Every structure is written in C-alpha cells, then in structure tokens.
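One chain, chain A, appears in both complexes that follow, with chain B as partner in the first and chain C in the second.
Take a look at the complex of A and B:
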C-alpha cells in the first residue's frame, strides 16, 4: 500500500517536473546567452496558455494544430519582447541590472494588461482529452499527464538535436561561451538571440498550454515560473541538462512534501531549497559558478 | 481634508520604502522585487509589539527596522557574494515566502483574513517628521565612506574589490539599511491603517517601489523622492482607471529603462546649495558681467 502511494507520488512529481523542465530549459538557454535572469519568461507562458485557450474554444481547429498555433504565438511574443525591449539595452552594452528591471517590468505589464482586458477570471480548458486515467497496476495517471510528459520530452529531444547537430545550434553553443567573440567570428548575433528567444518562447508556451489544461488559465499563472527558476538554479544556471534534472527532482520532491507532509509547506520548501543551494553550492548540480571575468 | 491627509501619509510611507530601494538599486546596483516583504515584516512586528503587547510606538518603529534588517540577512547572506541575478531571484522567492508565512501565521498574524486593532499612531506631522529624518540620514549615508563604496560596487564590482572594498559586506550593509527603511515604512503604514492583510504587501507593492526608483533616476535620491510624490498622487486622481494602474507601472519600468535609463534626474541631486545657486544665477551673472567676483562660484 505504501509502495503504491510512493510510486504514485513519484509519477505525479515527474509529470509536473516535466512541465517545469520546459520552462527551466528555455529560461536557462536565455541565461546562457545573455547572462541575465529573464523574469518575463512567465509572460510567454501565460500568452501561450491564453492563446491555446482562445484558439481551442473560439475556433474549430483540431487539438494538435491548435496547440502548435498557440506555442507559435508564445514564441512570437518572446521574439517581439526581445526585439522591442532587450535589443536596445543589448546594443547600449548596459549593465545586467537593466535587463533584470526591464524583464520584470514586462512581466508586470503583461499580467496586468491581461487582468485589465481579458479579466482576472479563472478559465477552464474544454475537455479535449478525457480525464480518464491510464491504470498501470500500482499507479494511475490521467491521459493528459501522459501526453504532457511525452510531448515535453519530445520537444526537449528535438532541442537537444538542434543544439548539438545543426549549424545554428553550434552557434548557440559558441555564444554561450562568449557572445561577443561569436559575433566577431561571423555569427549573426541578432538572429541568434532571436532564435533563442523563439525557442524559449515556444517551450514556455507549450508548458503554458499544459498547465492550463492541468489546472486553469489565469493571469497569475506566470508566477509558477519562480519554481522553474529555482529548478534551473538547483540544476545549475545556464546548463540545459542541469535544468531538466533540477526540474524533475524539484517536481518529485514537491509531490512528496505535498502528499506526506503538508501542501502549504510545499512552496516554502521551494524557497528553502533555493537558499540552501545558494549557500552550499551556488553552481547547482551540473553547472559551475563562474565569477565575472575582467 | 482627511482624504488629502491620508494620501500624504501614504506618500510618506512609500517614501520610506523608496528611500530604501533607492539605496539598494540606485546606489548599490542590486535589484530587489521583494521589498514589500520587508514592509510587511515591519508592519506586523510593530503591530504585534504595540497592538498586542502594549509597547510605545517608538519601540514599534525601531523594532520594525531591526527585524526587517535581520530578515534581510536570510537572503543577503547566501547571495551577496554571487552575481546579481541570484539575489534578484532569491528576493522574489523571499517575497512569496513571507506572504505565505503571514497567511498561515494563525492567531499571531491573523492569517489571510488580516490583523485588526492596530492602535492609530501615525499622524501627518509624525509621518513627515520621520520621512525628513530618514531622508537626512540617508543623504549622510550616501555621502559617507559606505555610500561611496556602494557606488563603487555599482560601477565596477571587481575594481571596487581591487581598491580594498569588502564588496560582500558592503552589499549586505546596503541591503540591511534598505530593509530597515522599508520596515519603518511598514510600521508607519500599520499604525495609520490600523488593519493589516498579507495581500497588501504582494509583488505589486514591490513593483511600485522599484518602478518609482527607476523612474526617478537610479542613483538620485531626490529624483526618487519626486517620482514617489508624483507616482503616488497621480493614481489617486485617476481612481476610475485603477485596473490600469499596474499596467502603467510595468510600462514605466520598461520604457524608462529602454528609452531613458537614467530616469527623471539621472544621478543629479537637488540640493539646497544647488537650488540657491539656481535661483540667484541671474543676479550673479550681472555681478560677474560687472567685472567683480568672477571666481566666487
């Protein structure tokens, strides 16, 4: 009996952890290129969630194309954000502080524009996938969770392929070491940063659609990204495998704490974990903390 | 009249928080989206000490400052040695964690329903007195050895370190002072409103403080003060559009940073001496044109 409970929580944790991974990977990718913490990442997620909701409810488009359309919207939102807000800062060679402030401003702007126009109401996705469970003996999962985890891993594998096997991916790897040097070697920096934001936006949008289906869609959905940020730091800021490992571990730990201790402690635990990681090993599990170089 | 007095007291409360954020973000270059949490801690500390234990208001104010500063060590200690992003993320998490703790504080904090029955002590003269004292003290801090080392760290952390500044300790000190200011602001707020709720100190409050400082000019205390007076009173005039208030704050943050990163005043300070010189400038020009006192200024 206890074994079944433990296994069930493990599965629940992995299921939410795979959604965190989608957020954390995009966030980490941006960090590895531009070296700043993109607090506007939650906005991309919310844009994806709302786009998915309106496309599925308002237009009669089948589910999969609707999701693709929604995540493309989120990707475009990310590219636009970069173009309008970050590129001017980037070209002025401003301190990181300016990026952080601008990104937080965008996050607040998006959240409250949605509150003011669409409204603060919680909205439920139509039942696209039946909530029927898949019974696997000891554990059961909803069909949606299975599909979310599957899609998440599919996208992450495609991303891994893109980064390690293509020319543009190679440029991204180079830029993660030194953006300026990559530019000097003939990499089109603006296009590269645009691509990175497109990828990050698409991944965030996908997680938004899944979170919307799992829970509901509301303007403050973006705050969940704080957990993905913690997961990214836990795994090692700037490291993609680290972001995935950190997200899955965080998801599992959260599930266990919510199930066996108390669900109110869960969010407090995430914060304590952040402080503990920063105290003990700020580089996280797989990254290494690099001091600023002259 | 009572309404205008109320607005002015809220301006004073915000000014304390803004002075704190100005020191941390404007002068030390650390960005915090959790300053509402220090206000909350100050407000609840003072409310419990004065409201439940019957201590005098002054003790409440000082304890609020001390407790907020102490709490800032929790996120300061692990992050001041690291690059800024870690601090910003930890500050964001700290804000959420504080709200959660206050929400679940049981009979001590009144939980999400709120803390009622805080004695009313903050009157307009007291609030203005505290703000003036706070501003003078802050000016002296900024002009002191510590203040200059904060600015050095903001401009170039490595160079500051090479000049012998203990950057970790200076950043911690700046954070603690700025948290103490927010704590005093919280305490004033508690004793004006007489009722507290954790939701009053959410991320929107932190945004307000940060946006005010960015708008007024990173590195200008007087700029932040002017921005605070403008940005606190303008929304009062546009009450019917309250939904768009936070949209405006977010937009102000982004557009200021993108179009005019130096803000309203940049690093320019309005001083008594400067004002006097500005006002007497036409007369001085006439004197110098007459041939005398050319080198006086």
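Take a look at the complex of A and C:
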C-alpha cells in the first residue's frame, strides 16, 4: 500500500532527522558564538557513543543513568577541547582559520587515538530496546527510535527554553551577536563559551549513543556529522529552530530518496542540496543574514 | 584626595606595534575628563585597556584604591562601564533585553526596574521602542541605548569611546547634555572624542594624546585657547589647513 509506505518513510526520516537535529543544533550554537565550523564536533559524538557502549556493557548501570553518564562524558570532552585547543586561539585574537585547522586536527587526533587504543572494529550495543517494535497500524517503529526521537525533542525543548527564557540564555544570544560586548556587560566570556561547548557536547553525545544503538559504534562514526552540518546550513546557520527544521527535512528527504529512488543517490542528493542552498539562498531557510552595521 | 582612577606608565603592544607608550593619568571622583587626539593616537586602545578588553604589556590601573583586574567582566563588577566605539548594541535583542544585559551582574529586581525607568526618563525614545530589536534603531537611538545599557550596571565611572561618532550635530548636543545630567547625578565620566570642541565644552579638563603618549594636559578652557590645539584639533583657520586641503585636491584619483 502506497500510503503506508509513504508514512513509514516519513517516520523513518523524522527518526534519523531528530538525531541530525541534536548534532546540528550544537554545531550551530558553537558557530553562532565563535564563528567557525567546528570539525571536531563528530569527535564529541564518538566519545559519547563509546562512553555509552562501555558504560552499558561493562558496568551494570540501568540504561537511562548510563546514557546520562555517557552524554556528560561527551560534554566534558567538548569543554576540555575548548579549554585546551580553542581558548588559546581565542585569547590571541587569531584568525578564524586557526580554529578550523585546530578543529580538524582534533577530529583526526581523536579518531586515531580510538583506533590505536580501543581498536578499529565495529561494536554492537547490547539490545536494550531495539528488538521490540511499536506497531501503529500503518507504520511501525522500533522502541529505540521512538525513545531517541522523544529524548531528542525533550532536550531541544529544554535548550530552547534555556536560551530564550533565562538570563544566561539571553547572554548566549547577546554573545552570538557580539562576544566581546557581552563581556562588557559583566558576562564571564570564558565561562559562557564553556557552557556552550558543554551543551553542544551533551547533545552530540546523545546523538552518538542513539546512532551507536541504531547502527554500530566505530571510530569513524563521527563522519556522519557532515550531514548535520549540511542540515544546519540548509536550515540557516546560527538559527536553532532553523537547524532543527533543516535536520528533520533532510532526514525525511533522505528517507524518501532511499526508499523510492535509490539508496545510492541519497548522499549525492545531500551534497547537491548543500551546493544548491549555498547558490540560491545562502542564508538557509531561517538564516538571519546579519548585515554588517557601520 | 586619592584619585578615583589612577593609571601609571601604561604600555600596550599589538604585535610589534607600540600602541601606548607609558601613559599616566588620574581622574577624580565626580569629574568629567576627556581624551582628545587624532585617529590612531591610542585613545581607544587606552579606554579598551582600562575596560579589560586589551591586555597591557606593562603598567598599572588603580580604581578606588585597588588594582583593576584585567578582564572585562571583572572591570564591570568593580564599577566601571564602557560605552564602546561604534555602540555595539545587541541587534538581535530588544531594547529592553539590551538594558537587562547591562544589568547582568545585578539581581535586585526592584532596583533594576527603577534604573530601567531612569534610562527611559533620560532617553524617552527608548521607551517608545522598548520592544523593538535594537538593530531597527537609528544610529542616535543606538547610542542612547548603548549609554543606557552601560548605566544599568550602576557604574561609579562611565567610559565613553567616541560617543559623537556618526551622529548628526543636533543629536550630539542632546547626548552631551544628557551626559552632563548623568554626571550631575553622581557618575564620573571619562570620554574619548575626536570631536575636540564638543569634548572640551563638556569636560572640565582633558588629556591630549598623540601617537600613544600624552603630549598635553590641562583644564578645558586653557586647551581651547592653546594655539597648537586650535590648529591641530579645533579646525582653526590657517595656512596649514589650506595647504592640506590643496594637497588633498591635487592627489591623483585612486
């Protein structure tokens, strides 16, 4: 039945899209504060995925606390990365290119550290939830996917509330416009940037755990973040609702192309979309194209 | 009397550029003091160093008898607020949110509310626009917002970097009158201005900066009468100025 197939792909797309959203939002948040593409974002994801894997397999901790512990680990990895690699560049007022190159270096360093220590092989999460499915008549979803989407939206709603309704969130918005001027208001800029990396790392870590459970855990799992970057640009870089909308749309489009055209065309489509967006509407769907004020 | 702000032998380097070459000065509580000088004289660098945006390579800044911490948020906490050059209001936030950012370190809700009202009284235009994003304000309104935002931290000293830059003369007059009012209510004012005439009319005394050093200092009236100052900064008529204009005309088009 065609309706059932369409709905099923819609659900599949939203499911992967919500995981992209977790990555894209953190990536976009870092971009909006420090104005560079953090290529080490995938490393935060991988740290979360491995931490989750080892905590779930090696320790007898219940699933939810294990996930929380794993994403906290990823958050701390992100904060450490900022502290060690980015802050010195920031305090020297070096060009943006230095950030980009440092972030690439971290991504490579992290991948090879994992290959050298934990090893290059694929690891499968123990089947905590994945085996059982939820049947909703026309469509079915694995319990894992339902929970992943639910948790993703829970985290994103909490984040949106934090950013728009709290004093610290307002400071993050102000800093995304002018980081130095935020310091003149009495905001501790280093602490604010640290908070942003903690949030971004936690979101990336959560996506890492879900991806690890959905597929497997391996050192190159972080490469998937490139799709979330595309989603963030598609939605409008620097805009959090844009990053979420872009991610969900990208997930759905991917699912439809894979199901109705060919799964080989899927990635080709993603990057063609990136090029098209950059050519036609570089601000993305909801991008705030900030004009420089004199 | 101990000065409120005392700067001793302040040096700043940007790489190999020696931007401040041993600046020493004092500001007493309740004063309005100006720094005048040409572009690139180090005026902004000086103010940004006091505000904690630029790290000095040598020298000390004492405020209220204590050494001032070198980071922006600690300077605000000590009681100094900077209205930066180019205003730098948060264009993505509303006027009200901008003012709340100015009160970031405070948590006395009633006091914050009171001070917001005070800012609206000083600049009624801001009240009309308090729900608008700051990016939609005119240049003059943004300058008002930048000053109001700085006042929200209840500073004992207000630093202003080129408050007249890019504003219509009538607006400059208004804003300078408001600065006088703010000073009368007890806030010490220390400003940097290229518009020397306006600055000297407002301030009781001034320092003249040239290539990173203080070359002259004194009461505003005295500086206004000084021939060198008149020629260099007040646009006095003279052979020198005419010559400069001619050389400008004769320059080949770029």
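By our rule, the second predicted complex is superposed on the first by the 286 of 294 C-alpha atoms of A that agree within 3 Å, B and C clash if a C-alpha of one lies under 4 Å from a C-alpha of the other, contacts with A are read in each partner's own complex, and residues count from 1 in each chain.
Here, a residue touches a chain if its C-beta (ideal position, glycine included) is under 8 Å from a C-beta of that chain, and two chains touch if they have at least 3 such contacts.
Since this is a predicted model, take the numbers as computed values, not measurements.
Once the two complexes are overlaid on the shared chain, A:127 sits clear of chain B and of chain C alike. Of the two partner chains, chain C is the only one that A:188 touches; chain B does not reach it.
Contacts of A:173 after superposition on the shared chain: chain C is touched, whereas chain B is not. Of the two partner chains, neither chain B nor chain C is touched by A:165.
Legend: residue contacts after superposition of the two complexes on their common chain; A:270 is shown touching chain B, with no touch to chain C. Touch counts on chain A: comparing chain C and chain B, the chain ahead is B.
When both complexes are aligned on chain A by C-alpha atoms, chain A residues 294 touch chain B in the first and chain C in the second. Every residue of chain B that touches chain A in the complex is listed here, in rising order: 25, 29-31, 33, 74-75, 77-79, 82-86, 88-90, 92-94, 96-97, 100-101, 104, 157-158, 203-204, 207, 210-211, 214, 218, 243-247, 249-254, 257-259, 261. Across the complex, chain C is touched by residues 167, 170-171, 173-174, 176-178, 180-189, 288, 290, 293-294 of chain A. Those residues of chain A that touch chain B in the shared complex are 31, 36-37, 39, 84-85, 88-89, 92, 94-98, 100-102, 104-113, 115-116, 223, 226, 229-230, 233, 237, 264, 267-268, 270-271, 274-275, 278-279, 282, 289, 292, 294. Those residues of chain C that touch chain A in the shared complex are 51-53, 71-73, 76-77, 81-82, 84, 86, 88-93, 97-98, 100-102, 104-105, 135, 149-150, 153, 166.
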